[in-house]
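Chain IDs A, B, C and D follow the sequence of writing; residue 1 opens each chain.
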Amino acid sequence: MKKTGIVFLLLILAFLLVWPFIGPEYQVYLTLSFFAYSVALLGFNLLFNYTGLLSFGHALFIGVGGYTAAFLTSRFHIPYMEVSILVTILLSGVVAILIGLICVRYIKIYFAMLTLAFGMLFHSFLMKTYHLTGGDEGMSVEQPYLLGMDFSSMDQMAFFSGPYYYYSLGVLILASIAMWRIVHSPFGLCLTSIRDNPDKAEYLGIGIRKYRLLAFIISGCFTGVGGVLLAPITGHMDPGMVFWTHSGDMVFMTLVGGFSNFFGPMLGTVIFITLRDVISSYIEYWRLIFGALLAAIVILSPGGVIEVLTNLFTLIRRKIMAGENAS
Amino acid sequence: MEKNRREFLKTAGVGVLGAGAAALLGSQKAFAAPAKGVPKGPVKIGIMGFQAGVAAVPGIAGIRAAQIWADQINKAGGILGRKVKLKIEEESKAKDTVEKFKKLTIKEKCDVVSGILSTGNGQAVGKEAEKIKQLWLSWDGTTQKGLIETQPKAFYGFRSVDNELEAVAGAITTAKVFPNIKKVAGIGNDYSYGRNCWAAYKRVLSMYNPGVRFEEGIFTKLGETDFSAAIDALAAKKPDLIMSSFWSGDTSIILKQAAGKRLFQKVKGCFTTGGGVHDTLKKEFTPEGLILGYNSLYFRWTDNWPLLNEFTKIYHQKHNAYPVYECCHAYFTLQAYKAAVEKCYGLTGQWPTKEQVVEALRGINVPSLSGYRGYRQDNKQECCFFMGLTTHKNSYDFVTIDPVYILPSAMIQKPEGYTFDQWATAWEKKVKG
Amino acid sequence: MILEAINISKYYGEFCALKDVSIGIDEGEFVSVIGPNGAGKTTLINVLTGFLKPDAGQVNFRGKDIAGKGPEELSTMGIARSFQLVHIFPELSLINTIKVAIISRQAKGMRLFASLARDKEVHEQALEVAELFGLADLLEETAKNCPQGIKKLLDVASAFALHPEIILLDEPTSGVSTSDKNKIMQVLVDASKKIGIKTVLQVEHDMDIVFSYSDRIIAMQQGKVLADGSPAEVEKNEEVICTVVGQKECFQTFNRIMSMNREERA
Amino acid sequence: MVETIVNILFSGIFHASVLFLVAAGLQLVFGVQKIFNLACGSFYALGAYLGIVFVKYFLSVGGPPVLAILPLLAAGFVLAIIGPIIERGLLRFVYDRDVHFQLLLTFALLLMIEDIIKLIWGTYPLSTQGVYLAFGILDIFGASIPVYNLIVIVASIVIAGIMAHILSNTRFGRIIRATSDNNEMAQALGININNIYVKVFTLGTVLGTIGGALVIPSTAAMSEMAVDLIVLAFAVVVIGGLGSMKGAFVGALLVGILKSVSFAVYPELEMLLIYIIVIVVLVFKPQGLFGTAT
């Protein structure tokens, strides 16, 4: 990473650390969703950007994570967040292997549609097994213990803007570091080569299905963890979280932020969550605006907002440097 | 019909109510300075209902009712001189709904949130309300899981009537109107409401009609627009009666498609909640003699209820449609809130805290669009349900019901502290005993 | 014999692309396959490298049947190839393209958390290959932005980076200006010597290149082997030359030009 | 028994005939433009809503209900104008992009059209009065079948026939097939590819809008209908094979009849069954029953 990039990241991190103290309570609360979706999108984008596979059913893994948290906390009374996360990683892995074995044989539209079908299959499953999952009513998620500590005596909002905030931020940082290492590892390079030209990659001895499957599994695990983080924020999981339009939301976030940049999807979650919060309060027709925005991004700037920003940034810097040279 | 209405009016105490309604619709009053002990600035009321999808039909109707209510109240001087300001947010999946509920509470600092239609969201918001200590007056969202109450000790959350009420009312009406049926088939939406209603209906009907046999229920996904196959499956069971708990546009669709297959020429029907979108039930395809239930609001249950007459007129003028049941839920919750605040003020001379409002709401009884409504001591709503047999004898292009049976929820809702099963068992003993 | 095709046939529907073809490549040979368009050269390479499964016959690599084995497995066995239409990774830099091959050769692909940037071994070897192919100045250039000649070299370079025992090149100089062709060939030959790839099989149209670099030439027509022999033998085969170049009168012209070229080089 | 079978069969075929129209639009566009149009369900919904408007007007000026099929078809055709608007205004910018972007652009369309419908028509269920039952009911083998259902089935078959004729016997059809096989080659042969794309997309759109318009007398228009339908249409084309008209036809029949049968046999299975079949097909015959591409 370039120096300016690191400085920029540290600034954002510093800001996020003090944000609960300076930000309005509700905005701080929304930041939790940003953390959770960011972790989920790290996984999503490993597939989309780095492996070239568009999953239109990734909300399934949000569901795996969320329902795991729901089952553990409210059914089995195991409130430990870490247990939820570990079990989710395990379950997401298993689910991803089962689905992945079938899905990674296909690419492009077929992959997108197959993942969509699996997502909807899971949705139907949740609806039909109502005696287990509450069907459409969903399941309650109890406030978790963090690092073994019980915060139930704490005021709920204090919990969200305190321990849970920093816990989520911590998970996001850890997940980002892990994902950063993955995409900059030999494995990551091989994935990119498969995305760019699977035939060529295969002739260079890269077993493309094996790599795609592993990418799918890792992706599922990250998204699953995002789902775990998401669950306590609302204290409830319902099948709406698994519906294909929620997968669409995830694709939307990634694209708006900028899929080709490691941090693009994170920016996307900020934009999505903020925009939706603001627009939907004023206009009943926010889907129209979101659709138009998505169309504009796809047509005009497929690199997303982050690309626009970086281009702007370099342009300004060049202007300034030109100005300095001239004077 | 006359007898029923008289019966009901007696229980509701119509004399008091006429006066109350008149006062409410009283002459225009400019905003005077708020009364002594009342804070300045408007009362902020959060409103939450679905604005997209199948549930947007009642959702938007409820929101419109809230707006009409707010206009009326503001014209009449607000609540204790404070203007009412509505903050409307969309209800959608649980996560976003809870977020919006929080927004209304923390950011918008609403004094109360009125709304929520879905039971899943009700569970989530109900829990949330207790945690962030926000007053929540539900329209249609219960906090039940299946037939079991999940939050029996709710304090800040005031829940709607139980989910299965229409089905219980439907079963009682079925037993009364069609006492000799032998075989019943059921169809509902493929989600908790549809399944709970079917279970409750079976339980109650078999108390009164022990010989009745029930076929396996058929459940179609919410928003289905083609029921041909379901109708065939129902017809193949050769039942005497078909029960359905559809509450949205699907009622009109299944009736239309059933008419195309002459289904209700051979079979009787009980649409427990179908009156929800009653003006879509055109005479052309809706036969006479079906049991049709109206959840809490029937737009012509009486000719002598100024609150409803006025409301229906405004609603029809504004939106070119008839009010949907959700209107009465929404209207009532707001009426109840206003009454509770005023009651507290009468006692203390101060604008009440949320906790005081809670105490005042318990046991409250106020006039709403479909008669008097109230809250029980366990924060559950009580209101009336309307069942009847469809008739074409009216001036509309859609069916109405005649006679109108008015079933107060005290009769069809499980009492405080009882599970559905306990209640049904006790009831069964009474019936058989 | 390192690579051997025995009686292979390949059909595309009705069309027979290869009919009962048998060839063998010995270790250390530089073999060129020539023939007019549609003779089945590329199909032959595709069958030999597992890209296509033959409808009949057998392909042996070091005596082992490799028919039906996928490209991935073949590459780990020591067979590499390049493509007629360049196959590159458009978004990858040149150095990373070569690194993919080296990671694959060193079986480091499943290292999930290792830092690629800090892997000196991979980097140095990639650098070495890049230098051999004269790409050292363009290491960070994105492949899709490079001129055609560089792309072609890159395609071949990444195949070489696998250190295969045999490499099959499908028209390594196609689409490149005549002046560059010899340069590329020279780079290829030098690189294979340095890396230690002894056996090369190439499909080539440029007769000058074919005749100056090959140890042996296989001429094909309509899915069959027309001739198989040393350049000197094939050069004299009028039928072959006429088929490949396409005209009756060409034989004389061909020989004249070839001798001119030889003199020029000398 | 016979009654039940006749009922199940006709319900399934009726459902299939509407599904076929939408799926055919999806297939045509995918075949030629290689775009998987997630908004095809939205076109269907638009057709339904505009169909209601047209029929209402038609009846209000005294048009006989039995001729209501005309304003319905008209609604479908009028909506053809959105074809060129969307194709020229949006899609043409992404032809050279990754397929994912094309998919996402149609997803954007889906979001927009859903709200546009809400903006114009609201969320209250709307329906046409006096049309569905005006044609009477046919009784055969003890089963009752609304004649309107038969009309829709026949209309769908006629449209399928016309499509088949266009594709195999006309110059336009040959061009379409050539383009779907190899658009670079078609371009090289002097075919104006832009022109073809506009026409094909418009045709695909009209198939969807007509599907919506034809079905609406039998049901009511609701805001969810687009999202619900796309999942089914998707199942149809996957089962039948992407890009294949024959596939759309057979796939629609299969899905329609399976839905019908599952209701009769074990209703809890309904949608689950369809997803499972989709997955099974994709696993064992990824190109679908009649598809060619993988």
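Basically, a residue touches a chain if its C-beta (ideal position, glycine included) is under 8 Å from a C-beta of that chain, and two chains touch if they have at least 3 such contacts.
Quantities reported herein were computed from a predicted structural model and do not represent experimental measurements.
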| query | Where the contacts of chain A and chain D overlap, which chains show up? | reply | B
| message | Going only through chains that touch each other, how many steps at minimum separate chain A from chain C? | response | 1
| request: Any chance you could check whether A-B or B-D wins on number of contacting C-beta pairs? | output: B-D
| field | Centroid distance [mean C-alpha coordinates] between chain D and chain C, Å | value | 50
| field | chain A and chain B: spacing of chain centres that average the CA atoms, whole Å | value | 39
| Distance from the CA centroid of chain B to that of chain D, rounded to the nearest Å? | 37
| field | Whole-Å gap separating chain B and chain C, where each centre is the average of the chain's CA atoms | value | 77
| Of all residues in chain A, the ones touching two or more other chains | 128, 284, 287
| remark: For chain B, residue numbers touching 2 or more other chains are 51-52
| said: Give me the residue numbers in chain D that touch at least two other chains, ranges are fine. | reply: 114, 118, 268, 271
| message | Per the touch rule above, enumerate the chain pairs that touch, sorted by label. | response | A-B, A-C, A-D, B-D
| Residues on chain A engaged by chain D in the complex (per definition of touch) | 48, 54, 56, 102, 105-106, 108-110, 112-114, 116-118, 120-121, 124-125, 128, 244-245, 248, 251, 255, 284-288, 290-295, 298-299, 302
| task | Under the touch definition given earlier, write down the residues of chain A that touch chain B in their complex. | result | 24-27, 29-30, 33, 127-128, 130, 134-138, 140, 156-157, 230, 233-238, 240-241, 243, 246, 277, 280-281, 284, 287
| task | Using the touch rule from the top, collect the residues of chain B that touch chain A in their complex. | result | 51-52, 87, 89-90, 92-95, 98-99, 102-103, 106-107, 118-121, 123-124, 127-128, 131-132, 145-146, 150, 190-192, 195
| request: Using the touch definition up top, name the residues of chain D that touch chain A in the complex. | output: 36, 90, 93-94, 97, 99-101, 103-105, 107-116, 118-119, 227, 231, 234-235, 238, 242, 268, 271-272, 275-276, 278-279, 282-283, 286, 294
| Given the complex with chain D, which residues does chain B contribute to the contact? | 51-54, 56-57, 59-60, 216, 218-226, 228-233, 235-236, 248-249, 252-253, 256-257, 259-262, 277, 280, 282, 284-285, 321, 397
